[in-house]
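The following block contains the structure, expressed as structure tokens.
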Amino acid sequence: MTAPLVMVLIPAVAAFVGLLVGGMSRAAAGAIAVAGPLGALVVAGLLATEQPWTDPIVDTGFHGVLQPFPAATVVDGLAVSVALMVSFVATLVQIYSIGYMKAEPRYSSYAAFVSLFTAAMLAVVVAGDLLLLVVGWEVMGLCSYLLIGQNWERQEARRAAVKAFLVTKVGDIGFIVGIVVLIGATGTTLVPNAVQAASSDPTVATVASGLILLGVLGKSAQFPLHAWLPDAMAGPSPVSALIHAATMVAAGVYVVARFYPMFLAAPGVLTAMAVIACITMLGAAVISLVQSDLKRVLAWSTVSQLAYMVAALAVGSRDAAVFHLLSHAFFKALLFLAAGAIIHAVGSSALRDIGGLRRSMPVTFMTMTIGLLALVGVFPLAGFFSKESVLVAAEHAAAGDEVVAPWVGWLVLVVAVVTIAVTAAYAVRLWMLTWAGPRRGNGPIHEAPPVMYLPLVLLAVPTLLFGFTALDVSALPTWIQANATEPLGTPAALTPALVTIALSVVALLIGVGIGWRSRLPSAIGDGTSILARGLGVDAAYDWLVVRPFLVLVGWTTEFDQHVIQRTVSGVGSGTAATGGRLQRTQRGDVQRYVSTALTALIVAVVITLVTVAT
Amino acid sequence: MTSNWLLPALLVVPLMAAGILLVAGRRAERWATWFGVGVQSVGLLLTLGALAEFKRGSAGSMQLVVEAEWIPELLVDFRLGVDGISLPLVALTSLLGWCAAVYTVRRVPEPGRARAFVGLLLLLQVGMLGTFMALDLILFFLFFEVVLAPMWFLIAFWGSGERRRAANTFILYTVLGSVVMLVGFLLVIVKTGSADMVELAGGLGEQMSGGAQLAAALLILGGLAVKTPMWPFHTWLPDAHTSAPTVGSVLLAGVLLKMGTYGMVRIVVPTLPDAMVRIAPYLAAFAVIGILYGAMASYGQQDLKRVIAFSSVGHMGFVLLGISTLSVVGINAALFGNIAHGVITGLLFFVVGGIKERTGTTAFASLPRGLYASAPRLGFLLGFAAVASLGLPGLAGFWGEFLALVGAYHPAVPEHLYYRAMLVLAAVGMVLAAAYFLRVLRRVGQGPGSEKTMDDVAADEWLSWTPLIALTVVLGLVPVLVFEVTDPAVRMVVESVAGALP
Amino acid sequence: MSDRSLLSPTGVDVVFALLGAVAAASALMVVTTRQIVHAALWLVVSLGAVAGCYLVLTAEFVAWMQVLIYLGAVVVLLLFGMMLTRAPIGPSDDLTGTNRLVAFFASVAVTAVLGVLVVDAFGSTMIDVSGEPSSAAVMGEALFRYWVLPFEALSVLLLSALVGAIALSKPDEGA
Amino acid sequence: MTIQSIDLMALAPTLVVALGALVALIAELVTRRGQVAVGVGLVTVAVAVPFAVAASGEQTLCSGVDSACSYVVTPLSVALQVIVLVSTAVVLLMASADIADRRVPGGEFVFLMLCSVSGAVLIPATNDLVTLIVALEVVSLPTFALVALRQGESRAAEAALKAFIFSIASVAVSLYGIALLYGTTGAVSFDQLAAAAQASDPTPLATAGLVMLLAVVAFKIAAIPFHGWAPDTYQGATVPVAAYLSVVSKAAGFSALLLITGTFAAWSEMWAPVVAVLAGVTMLGGNLVALRQRLAVRLLAWSSIAQAGYIVVPLAAVAGSVAWGPDVANAVVGYLVAYAAMNLGAFAVVAVVARRTGIVEWGDYRGLARRSPGLAVALAFFLASLAGLPPGLIGLLVKVRVLVVPVESGVWWLAAVMAVATVIGLAYYLAWAAQLFRQPDVDERPVTAEQATGSWTAVVSVAACLALTVAFSVAPSLALGLVDRF
Amino acid sequence: MHLSLPLLLSVSLFGIGVYGLLVRRNAILVLMSVELMLNGVNVSLVAFDVFWAEALRAGQSLAIFVITIAAAEIGLGLAILLLLYRMRGSIAIDEATDLREDAA
């Protein structure tokens, strides 16, 4: 049992125990719920401290396709850093949930599923075996389905859960076929060996990475498989914070990072990723601008920020992508938990009912403001540094010293800068509508209980400080590359470049301007416009996928019911009918019987004579 | 072989018990179900004994072999034996038989008559075990047919809905299939002069001429396809399942469907390699059609049992795809798929039976919503079984399907690209499977929550179902338990086919 | 005997042809007449002609058996049968059934097929009818040297027919 | 002038049965009680069987001319004789109930039956066409009397008339066939005919003759198109007589068929297709019409027509590469043995139920298991065997044994037709078996009371058939290898 | 003498007998027709016997046996007819159809 496996199993056991014993007392359930991710955090911490890790692949001896107990795990900088982030956020979410889910009757199953989710995410993070990766990947999808559908009394929760699972499942099909191709082509299920073998053969690399990209698009909610994330907001806010901001959606990016050498061997796929990322980045940001629901604004923002990470990967810089992944996880989780606190206090997540809460919820106000600033990328915060590192990477690519074509770099750079402006716009709009202006809605508003705002504060800390770790080359960059199974050249400091800083500041100011003008309540809109409904992508889904599928289902049931069923029962009744017709020859008159017999005989004689003669 | 009394004992004990029940007077109605549990437990113990005796190292060769001459005129010897391919299935049958017996202790479906019910179940057990142990073609055919009469009575007398018509379609369709298979067997016996499966697999089958092999293979596959069921011979399955009593459905889905695929791996592939190499691509095509067709048809069904019946058509499609690759990975995946489907669909039908018992119906139109609230544990089990059935990795259902895809990537037959197209289509089938199961969970499990109206899972239900739940999880996490037994035997089968490959 | 074509008949042929024609014509009358009693009488004529044919064919013993049993016993029995079932004396037109067409075609087919076959096989072969007739002595010897088993079997047959007829004719003793 | 040397020991079975008939008749006249006649009948059969077995391998009544004997006993003929004799014993047991309550005159009944049986025992050992046709006539004639003997039933006469007319027509046609064969080959003894067949190809006249000869055989085994009389006659006659017709009379037909096809094995390309079509049509037609039946006896009649089709399949398969030989004959005899046991059993149960409750429609057998479980289980077992579905194992095994021959000889369409026919057959056997176990909708009067004396013998007949069928199921080589035992 | 003459006579008698058998409604006439058929057979048997002229005399022996069989048949046939007449009052064959398939 290697350390990483222990890290995965602790939350899993916590989930199982929680499910069994949870029913008894809420306190016990709460304790077990927090203990799970906390245990994982501790182990991750231990792993982080006892650097340098000796052997990247900790192999448990089960290999080959037919002894597929997927137990091989990988321990390198990338894995440990993401594991730390995941367990940290998960612990805070569990703590936060104790407060948030006080009125929830089925708290024990909720907590258990969150722990199970954490275990699955950690499994993906430390997976050294393709099969363990697939197990984690799919169990994550299942937990997201279960948690979105937590309070399934509501219609939209039920629909959102199914939609989330199916859309990600469509992506997962590509993912699984990609893994099958990898295993088939390379003959091994060990991740590093498979990636190394695949990257040496361009065709396999292109096919495998293209297919795996499909899965990533599904999980990380990129165009065209992004429609499920905004609807997933029907789930409880802590779930949104953990799954739909920090971890699951980041898993896609993490997997690409894990398989990065293979992706580098397939520039075509990287270009495609870049184009998709740009579309998603800008589209999501613009849609977020017109959203009328607090959590939907943040959801579309997440889609946009994820596009940043994918763009970073597309332009050839894994470190930038991972850096943005980590920082985004912190401030986006913070924003969602803050939103949760607001909803908990106000009772509704529609912007119409929220306003002027500055005085009544000071801590939430403070932490949410920090979060928004980080989201926008204001100087000292983590957001600024991670976004800049992406811009720097884009600029390198534009200069032509990356594996992708220069125009890709330019495209990413331009779109990134424009998106900074739009991001600033919707961030300011959100901030003004929630905190500034007159108090809309009624009823007393009071600050969230400590168990809820403590995690906010704890998340605010890394949002503020995490940026600085990237400046010193010996800190974050080397750490991410440490013990990497596949070293990607020397780790370079992720320091922002002057020219990109200038561009981003200009874009930021423009954005604030737009934001300021659209802060009026009248600009909220009722969320029914084409833009608000996600540019009609949902309608397109309905027409292109759901409706034809239902027609096909209709045909199949029709075909099965009438054609095959009828032939079978037809044969049955047919035999009975022939029986009836034969029966009618037996009318009782013996002379008729004898005449038929004799004529038959004559015919037989004649035929036999003819056949014998020939 | 040391203890070769095990296998005949496995057959004789239930047979004797059925005889006793037949003769026992009306007083036996009371202790009949307990008697059933006792006999099945003995069977289970014997199976565990066999598992222990079975030497994993030489899983490729027949073990615990028993041999006695029975009908010289038909070259029929009473020859039993198990190897890596049949042992897991024998174990599955004993387990499901035991779970069924435990479930019936207090739940004999109306119109009661426990004595006859348990007697028929025991006869069914004899037929099923016999089919997996027989090493003689005609003996295999006999046990193949022994199963039909008891299952017919179970559906026709203890079933529900238009059970008589369903029972008749079931038995007439299957008998037509098995007679066609018999003609295939006879052709093999006539051409090779031997009916011993081991000899035939060992190379005797290859001496048959190409044309004869193809004719025999098509006939036998035709018969087995009806049993599997392979599309388009599947129409009897939904009706049989909708009308069968719970235990009947469990055994029908859990074991009877496996006799078809087992027959293919045990008889057709090793004995008629040249024919199999030519037929394999078409088999793959039918398998994939089955997967997609099963998924789409089950999405359109209005009855819970019919949904699961069509899902079985889909799962069996994956098993057939595995077999059609004729590769080590593929056939291992098929055998594992058999076991996994048996366990998971057995559990599914038990849960649906529980639902039917509590709500009196399985039709979506009249089924109350919000099972998660009205019977949380039952709801959880329904969710668990549905998720396992749609092939969630980490549970037993996944490996059968996933490794079938891996096998399809590198089939032993030359048509690699064709198989990769099949692979993608089969993968699409997985998402459709997710679609219809989630529709079921949404329609039955979720919904405007009503309070805890129904009594939740009872003790005897837990006792009967826990082995299946545990097995789903254990096989999901440690699939090697099955593979270490089946792999050596499958390598033998694949070797015998290797000769026929170009 | 040397083969002669059918068309050059010998003296015996002419006699036989005449007898055959009588037999066939009266047989035709048996099946077509509208009076039952006439049918029986025509049957007597037909069987008598056939007996004559046997004599021409030197099968003397068979001829006498024919006269004795057929004419003596069988036809008499038939007449008794008609009497007991009160058959109408005068002409009655319901004697021929409805499926006349099928019957006609069947009989014509039979006659045609067999006729063609026979002529094709034995068109020109001759048989020697000049030899000494197979008298009772000759037939007796043949019967009891080679055909003892059928003879015995026939005895069982006749006995069972006798007992059967009597049993059937007994009035019901009441169930 | 040497009288034919008669070896009485060889002829013993036929003689014993004939004498038994006489003794039975006289016994009934003397003691005025029908039961005694049945007793004598049973004793006769009991004595005849060992004689038949002892006579194996002998031949007698050989004429001087190239030692062509007219009575040759072969293992095949002994097997057929044993089948006939044992079946007669069972039928007599069934009939004793009718005789006891004067529904049928005991003495005459047993006398006629034994006369018929003596013919049936004679046929397998005949060695020439003359004896064969006479023996066939000896078998048929008494049966028409038996059918008509049913007092107080007007339709019995009609049934007898139909069988009678059909019989004399087919005998006349066969006699003409024999005449033609005699004409072309100049021989009537099977050995000389076989030699003639080997010597040259069949002339057109010989072809016509042989096909016409098959007419009487088709009549006896009630193969379509010569089946018209069977359902009506079975329905009109008493059930034991119907049983007799469906088993012993058919066994005689099959013996004749085996002898004829054996003799003319050299001309098999000529007659095999005819027999094949005959078998196919009979199997399919019999099962198809049986689907629609409502009366129990009529259903059994059509079922026995279909079963006759199965029995002919091995001979039909000679059309392919397999030549006529002991293997084919053993398959026919094997199926015949199992068929006799199953069919007699079914008839026995129908007889008992008809006598006790007057039920004639198989639909009214509903809930029989509730009222008399023993009978119901027995009938279910017989029906399962006839259908060829386990637990009726022997039914299945003999079907397999019969199906091997067409597969081996490559006559594919015949194997396919048999497969389809079996499935159709399963439908109505199953429907009837299901009726037995269904809940009775109205509780008819209990069947337990023994309405009439002497009905215990009927139950004994059911038990005997059940014992035989179960024994065959457990040790199938008893039935399948019967010929090799002698 | 030509062999085909008696054979032609036998064929014609046989054919006429078949016609009578199938068309006549009265049972006694049917019996008569069968007698004609049997006589047809006898004529050909005797003809062939004279043609082959063997010591065995198979043809003529069989002819004699056929005559005896015919007699026995007529005996029993009339008994059945009379029974039918007593039960039903008429011996028309196409009226005796109580036993038939009720092709409902």
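As written, the chains take the letters A, B, C, D and E, and residue 1 is the first residue of each chain.
Rule of thumb we're sticking to: contacts are C-beta pairs under 8 Å (C-beta built on N, C-alpha and C of every residue); 3 or more make two chains touch, one makes a residue touch a chain.
Because the structure is a prediction, the values reported are computed rather than measured.
Each step here moves to a touching chain, and the least such steps from chain B to chain D number 1.
Using the mean of the Cα atoms as each chain's centre, the chain most removed from chain A is C.
The highest number of C-beta contact pairs joins the chains C-E. Of all chains shown, B has the CA centroid lying nearest to the centroid of every protein CA atom. Note: centroid distance chain A to chain E, computed from Cα atoms, is 95 Å. For this pair, chain A with chain C, the centres built from the Cα atoms lie 102 Å apart.
Distance between chain A and chain D, defined via averaged C-alpha coordinates, is recorded as 78 Å.
Put simply, the C-alpha centre of chain C and that of chain D have 32 angstrom between them. Annotation for chain C: residues touching 2 or more other chains are 97, 99, 102-103, 106, 110, 113-114, 118, 122, 146-147, 150, 154, 157, 161, 164-166, 168. Shared contact sites, meaning residues of chain E that touch two or more other chains, fall at 7, 14, 17-18, 21-23, 30, 47, 51, 55-56, 58, 61, 65, 69, 72-73, 76, 79-81, 83, 93-94, 96-101, 103.
Among the residues of chain B, those touching two or more other chains are numbered 172. Here the chains touching each other pair up as A-B, A-C, A-D, A-E, B-D, C-D, C-E, D-E. Interface residues of chain D, counted against chain A in their complex, comprise 161-162, 165-166, 169-170, 173, 201-202, 204, 207-208, 211-212, 215, 218, 225-226, 228-229, 231-232, 269-271, 273-274, 277, 285, 288-292, 424, 427. The residues of chain A lying in touch with chain C in their complex are 591-592, 595, 598-599, 602, 605-606. Taken together, the chain A residues at the contact with chain B in this complex read 62, 65-69, 131, 134-135, 137-139, 142, 145, 149, 152-153, 158, 161-162, 165-166, 169-170, 172-173, 176-177, 180-181, 183-185, 549, 552-554, 556-557, 560, 564-565, 568-569, 572. Against chain C, in their complex, chain E makes its touches with residues 1-9, 11-26, 28-29, 31-33, 35-36, 39, 42-43, 46-47, 49-51, 53, 55-58, 60-61, 63-65, 67-76, 78-83, 85, 91-94. Within the complex formed with chain E, the chain A residues making contact are 580, 583-584, 586-591, 594-595, 598.
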